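These notes open a run of structures that come right after.
Each of the next two complexes has chain A plus one more chain, namely chain B in the first and chain C in the second.
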Partner chain A sequence: MADRRRVNGPPGGTRPPVFASLQESTTGAAQRAQRQRQPAELRKIFLKTGLIPTASGSSYLEFEPSASLAAARSNPKSLIPPSSALKVACTVHGPKPLPRSAAFSPNLVLTTHVKYAPFAARKRRGHIRDASERDLGVHLETALRGAIIAERWPKSGLDITLTIIEAEDDRWWGDAPDSHDASWGMMNVLAGCITAASAAIADAHIDCLDLVSGGVAALVSDDSSKSASSVPRLMLDVDPAEHRSILSACVVAYMPARDEITEIWLKGDSSKAALEKGDVRSSHEALIDGAVDAARGANTVLSEAVTESIARSIAQA
Partner chain B sequence: MSNQRQASSASQVPHLSPAELSYLYTSLSLPKNPIRPDGRSPTQFRPLSAETTILPGTNGSARIGFADGTQAIVGVKAEVEKTVLAADTLDSRSLAQHGDALNREGEEGSAAVSGQGEWVQMSIEIPGYRDDDALPIFLGEMMRESLVGSVEHKDEMAGGLKARLVINKRWHWRLYIDVSLFLPLDLPVSATDIMQVLLLSQPLSYPLPLLSLTTHLALLSTKLPKLKSTGEEDPFFDDDWAAAEYLYPRSKPSSGAFHPVRPPVTLLVVSVGENVIFDPNREEISVADAVLAISITRSHDSEALKLLSIRSIDPPSRLTQPGIPNSENASMLGAAPTENPSQEEVTGVWRPRRGGIKRSVVARMIKTVLGKGGVGEEVLEGLEGVEVQ
Partner chain C sequence: MPDKLITEPVSKLPDFFGEQNRCLCNKELYHFFNPFSLYCNMASLPQIAIPGQRLGPLSKYSAGPGTHVQDSFIHASIAGPVVTDAAQPKIQPKPTLRVSRVISAQDLQPQNAGASDGAKFKPRYNTLPAVESNVLARVTRVQKRQATVSILVVLDESEHLTSSQTASDNDNVASILTSAANPENHSGTDELRFQALIRKEDVRAVEKDRVVMDEMFRVGDIVRGSVISLGDQSFYYITTARNDLGVVMARSEAGNMMFPISWKEMRDPVTGTGEPRKVARPF
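On to the complex of A and B.
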């Protein structure tokens, strides 16, 4: 659907010019970002609730910038940042009565909106939600509906709105899409959205079975030589800008207390993974387990943030 | 408003009473041999009729109809388009001209054209839904991501569908896959009734398997005009339609498989209790504990099937109305309603499903699809049996 209400910027996006001579002098300018973390090491998460006073619940989530991004910020060599780090703001409005015209619902009616800010990605996003944003909204709704105890609010609605302020890249900015290219950044965004929305729902005092958090695991092959012998390895919480090729990735929304998955989204060819010797799991199971481990890690941050939110609401009362 | 709200969910609210839901759940969760309302076995699909190449104005088309009158028609159209490299991609071709020192940099940003996922566009039209509602978009993205995601490492169609769409470095094909779903309209109806029928039939069975199988057949029958130009020339095609080449190449009848590479298939799998059930109809899906859409394709390196994507779908059972046990029902004689309704399960009383799925259940569902002699092989063999003209 075309946006006819605004004067929109150029769809292709613009970037500052990079002169070939400049690249020659500062060889580091177009250096590919490298993962500095261990395969099972997660990025740090900043999560804070209650920053938006008009909403009944809100949260703000930020991923730690990658090492190369931090280096580029302190010592800029190029105008183009090497990678990006996720920033999400989430508001929860409700539970509020459904409009009079609405049909009876015995359960809480959940509505999720995920929207990228126009400046969130390297390419400008329009003001109207596109297909991928609606798709994210459906994924998020599936993840949250399994956790919320919906029958405690009949005839009510709950609106959850997420604004992506900075999104993750799908690949390193200098690469043309290769044969394994897909919107891998979206999967990180979804995991962040799930964790942020869960914190905001807890901040709004909506009854849940457990705190649901999101985690990502991926099979990446980092060999620069394009030999067929390169074996993809399992890594947790991948930043797509730091890897040459992502073969397969998986997002889960996970509730640790019940050991249950409310949402699973796996895509890509996971058949060629190299697992450790003696590992009898098939590679897709290993991928799901990896994503669950990442979600467990995010859950520790989530429970801290929720404890903080409750302490604040007790202090106010 | 409420219709719009509910339509924003990928699932549909079932119109069954708690007693009916409980009965259905009990019979479907019987250990070992579930009893399905239409008497099928857990892995049996509904009978369907299929035909291909039905629309003369398209590059490829197919129709599949179920016995209840639900039909899906898919048309595939292809257009030649100029390839635009993303503005921020390091273009090795231009950088390479600046001497040897830059060649290394040029290799960093590989600008080799290997096809982009956006070149395949999918739109799905389901009566009763607006084109920007979440369900058609969710279904479309689900099928598109497995279509463009399957990458083969073999001589034929190396790089998968995306690479097949590349003409040369400057030109490519753009593929439009348009799916229309038709619902049974066999009653003599007036115009106002039609509106009602469309709305009433909105919560039909989850249309995913129908759409996926039809798209599979349509892509197999898709032909692209034969390229006459070579190399980096502007593309120029043979105008003889009889000389056109298939999008998914066909081998000579003598050399085994007719289609060496086939598009992936998305299957809808639900779990009820301990059982795993395939191709659920509307009633069955409304009591499911978990619903997964699993895309598979045949791997060419080995005989095993390959998993391309898994997506969980919001089970409609979470939206159902709970039943009230007799002990809490005020209208039952001699029973005093308690102040705090108990939260535990009472046998025979429906409770909406809560929570998620265990990892072991996910693993079992995948195994039923992928395993040797499993449902995936059966479906692909069945599709291979369909003669695509």
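On to the complex of A and C.
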């Protein structure tokens, strides 16, 4: 569907040109970002609620920029940032009456909108939600529906809107497209959206079974040679720009107090991975367990943020 | 740049609830809860709960609003201060645990209730109308058989239970009505409010067949009503068939605020003309 109501930018984006010589130069201008964290170490998360006063609940979430991005910002060598870090704003409106045309519902009717800002990714996004954004919305709705106690809010609707201000890359920008390409960045975005939405819902005082948080784990292979010895390794909270190829990734929405998963999204080939010796799990299970661990980590930040928001409203009272 | 970045490496996750309790004690807000501690004398209860947090066993407490039960334990389902309502003999043998939804100054600082900070503090009412809850609503349409109203606020049940002085209720109403009378507050927001109907037979308890809707409500009146049914897809049903229910605030045709002079009449203080209304008994 073409957007006829606005004057849109060029559909291909407006990136500065990158010459092949730059990639081969030794100035380090076009170097792949390297993961500085341990395989099980998460990026830091900034999460705060209640930033949007007109909404009944809101939150803002930001991932820590990777070390190479931070270095590139302080000492720019190229116009092109080496990687990007997630920034999400979430608003919750409601509970509010259903529109007149809607049918009777004894439960809370949840609607989720995920929208990338036009400038969020390296490729420009349109103003109308495209298929991947709608897909994210559906995933998010599944994740939240399992956590919200919907029968406490009959005849009402809840609108959850997430704006992606900065998205994660699907791969390093300098890489040529290859067979392992998929929208890996979307999975990080979903995990961030789940955590942010959960904080905003708690800020709006909607009844929930638990705080649900999102986590990502992936099987990555950093070896450039295609030899048989390059077995993929399990890493938590991967930044796709930091890895040569991602074979498989998994997002879960997880409720730690109940040890329940409300949403799981697994992509790619998870058949072969190098686990630790004595680990009897299949790599598939290990991937899901890794994602759950990442979600547990995000939950510590989430519960702190919710406690802070309550403490703030008590201080105002 | 964010002013603070929080992280935990996955390898050493903190004890979830232990962390909560520790961080509470570290913060300065501890003193806020001292007046409150008489409710929370059970040492095991946290003072602030976050969704999913385990509060207490079902054998000791019964679950109130803002909580849910899982594996015979009461868990919080919203974030807020934990309140224990004392057991009532015969009706409720166990003390009720609830998580307060509206953090009111009155709930937390009883000695400062009614202080000047009431103006700056604006509680967010997002409680839904339920059967038997009292609501304040503005009349949007008067028809022969029914009046359409849009619900401005659902009066909090717990406020009625905990407030010892009846005056606070009156203050509450006044603050709500002044905000509702603010024209920029309700321009086109009726779509965002819950709609309700007052049917002709629900207006008053006596002489139901003599009711003339035009003499009961006018468009713009503020009505206190009690919800009798969740109704259909679009409307709740409200009754005013009690002495304390009915019009609480109305303007005359001249546009002046009127005062009640009887159960069925209000008078304009400027022009002196009376207008018929189903008047709520003033407190």
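Methods note: the second predicted complex is superposed on the first by the 306 of 317 C-alpha atoms of A that agree within 3 Å, B and C clash if a C-alpha of one lies under 4 Å from a C-alpha of the other, contacts with A are read in each partner's own complex, and residues count from 1 in each chain.
Criterion: a contact is a pair of C-beta atoms (placed from the backbone, for glycine too) under 8 Å apart; a residue touches a chain by one contact, two chains touch by 3 or more.
A quick note: this is a predicted structure, and the numbers were derived from the prediction, not measured.
When the two structures are aligned on the shared chain, A:149 is found in touch with chain B and with chain C.
Of the two partner chains placed by superposition, chain B and chain C are both touched by A:255.
In the superposed model, A:97 makes contact with chain C only, not with chain B. Looking at the shared chain after the overlay, A:56 reaches chain C, while chain B stays out of its contact range. After overlaying the two complexes on the shared chain, residue contacts for A:71 are found with neither chain B nor chain C. Within the superposed three-chain model, A:46 lies in touch with chain C and out of touch with chain B [touch as defined at top].
In the superposed model, A:165 makes contact with neither chain B nor chain C. Here chain B and chain C are compared by how many residues of chain A each touches, and B touches more.
Residue contacts after overlaying the shared chain place A:208 against chain C, while chain B stays out of touching range. After overlaying the two complexes on the shared chain, residue contacts for A:265 are found with chain B alone; chain C is out of touch. When both complexes are aligned on chain A by C-alpha atoms, chain A residues 98, 102-103, 105, 149, 209, 255, 258 touch chain B in the first and chain C in the second. Per the touch definition, chain B reaches chain A in the complex via residues 1-3, 5-6, 8-10, 84-90, 95, 98, 101-102, 105, 108-117, 131-132, 134, 137-138, 140-141, 145-146, 148-151, 153, 159-160, 162-163, 292, 299, 304, 306-314, 318-322, 352, 354-359, 362-363, 366. Across the interface of their complex, chain A is touched by residues 2, 4-11, 13-14, 16, 19-20, 23-24, 27, 29, 32, 48, 50-54, 66, 68, 70, 75, 77-81, 101, 103-105, 107-109, 120-121, 124, 126, 128, 191-195, 230, 232-234, 236 of chain C.
Residues of chain A touching chain C in their complex: 38, 40-47, 56, 62, 64, 94-98, 100, 102-105, 149, 152-156, 202-211, 236, 255-258, 293-294, 296-297, 299-301, 303-304, 306-307, 309-311, 313-317.
Listed in rising order, the residues of chain A touching chain B in the complex are 1, 12-15, 18, 20, 23-24, 27, 30-32, 80, 98-99, 101-103, 105-107, 109-111, 122-123, 131-132, 134-135, 137-139, 141-142, 145-147, 149-151, 157, 172-183, 209, 228, 250, 253-255, 258-271, 284-285, 288-289, 292.
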